[in-house]
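After the structure tokens below, expect a handful of questions from me.
As written, the chains take the letters A, B, C and D, and residue 1 is the first residue of each chain.
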């Protein structure tokens, strides 16, 4: 299985930030996780609140652990809030079920990691995440 | 970046209590956190319930970690309850999303800490917090 | 049962800091807990590390929950480390078994609270705690 | 107080990796925390084990919270193992008391963050951390 290399993770972060700057988003924070949900790289822009690592990580970690991107998690949360609360419980509180948590797939459609973006609205966070993923030739499922 | 000194933290607490006395509020508890969400000073008035540290701290800690004051957190909780539940998860249960958690800004608009007040209604808690913050020449975002 | 009032808690903290200044100790942090182990007041001096609340609280909280002051806890830890590790487990990690956690007794010898001091050596922390407690006419068991 | 900007954090990480490559160290992981112990940036080199974020973070986080670098923490752990075990308890298990956790000081000697490096021996981790910090004109206390 292909993995997200450190170099690609760095590029995803740089390109997600560039998209945020271009669009005039608030300061973003971006995490890249591997296929096991473990942190590969992270950066919090100047001016972002101190707790942004945990939010970014929660978006991406939940996506990996459930195999379900943030948008789908949010739909589930709106239909069945107690399910997502329970998922949060079993994963130690580290699930943030809103857009901006994006599964990363390779050309064979395998999940090879996830990206989590936070800082602006959830929808804008997702735009920045997708820009970062696509810039390195991978496919995002948001 | 300016910090809230121990002396200023003590003054904020004293003035918040004075406001509560003047307004006839129930016994208050007041915490002052630094810009990293770490406790600088706390006091629980005689007659306040034993668990008030955790509530006051949760109001102020959530404000710091999310970069969002209690009133804004409450609005988000009312629109999207599962988001604030998830935020609570990622921050170890230490987020209390109601008024009375106030970001403290210096003259350059940097967040230099937060104040959390609990004991009366959330709206009254916020009044006392703002009185304490303004009494030392700082700006509160409630 | 007498309780430690907010006023007395403030005095204990002020006098413990004064002792530290007089003795040339490093910046101290002082917590006062009630007889149930709940925070009544706390202050962290300028220059103390961010995590000092948790250390001060752990010293005082362990003293309350075990009914055993820091010096006795340390002796037990040296004889039977796994016992203190287990105590730490059952009390959620909030036990710091070294001097500076002091039981506060009234004239009838009832435990009415505890003081936790941290910042200098454990022995010096204890000196400051005792000075604060004695200054308000209470008895410390260190 | 100066802060470690995102740009400086990135440079610290890049230079620490470069030092590791130059010295022939195993694949490193490097975290940069702010003065409140919150993650600013992180990167795990290709080939490093999945759990390296938690180790790097624990080295740097413990340094911030205790105001004590990894080498001093290790000395304390060797003299008084139960104290560091207790510190680990009060800080949620996030303290790794070995070299490689380095306090970062500015020109006025204020702690403005911490760097945590893991992957090779603790002594080599420390060498890489110091190289990164010094490359951006800051001072490390290892």
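One rule holds in what follows: a contact is a pair of C-beta atoms (placed from the backbone, for glycine too) under 8 Å apart; a residue touches a chain by one contact, two chains touch by 3 or more.
What you see is a predicted model; the values in this text were computed from it and never measured.
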Looking at where chain A touches chain B, is over half of the residue numbers used by both copies, so same, or under half, so different? different
State the pair with the higher C-beta contact count; candidates are B-C and C-D. C-D
Using Cα averages as centroids, what's the distance between chain A and chain C in whole Å? 43
Whole-Å distance, chain C centre to chain D centre, using C-alpha means? 30
Chain B to chain C: how many Å between their CA centres? 25
Name the residues of chain D that each touch 2 or more other chains. 3, 34-38, 92
Touch graph of the chains shown: is it line, ring, star, complete or other? other
Between which chains does touch occur? A-B, A-D, B-C, B-D, C-D
Residue positions on chain A within touch of chain B in the complex are 48-51, 54-55, 57-58, 77-78, 81, 84-85, 88-89, 92-98
Considering the complex alone, what residue numbers of chain D touch chain B? 1, 3, 34-38, 92
Given the complex with chain B, which residues does chain C contribute to the contact? 3, 5-6, 9-10, 34, 36, 38-46, 50-51, 53
Going by the contact rule at the top, pick out the chain B residues touching chain A in the complex. 35-37, 64-68, 80-83, 85-93, 111
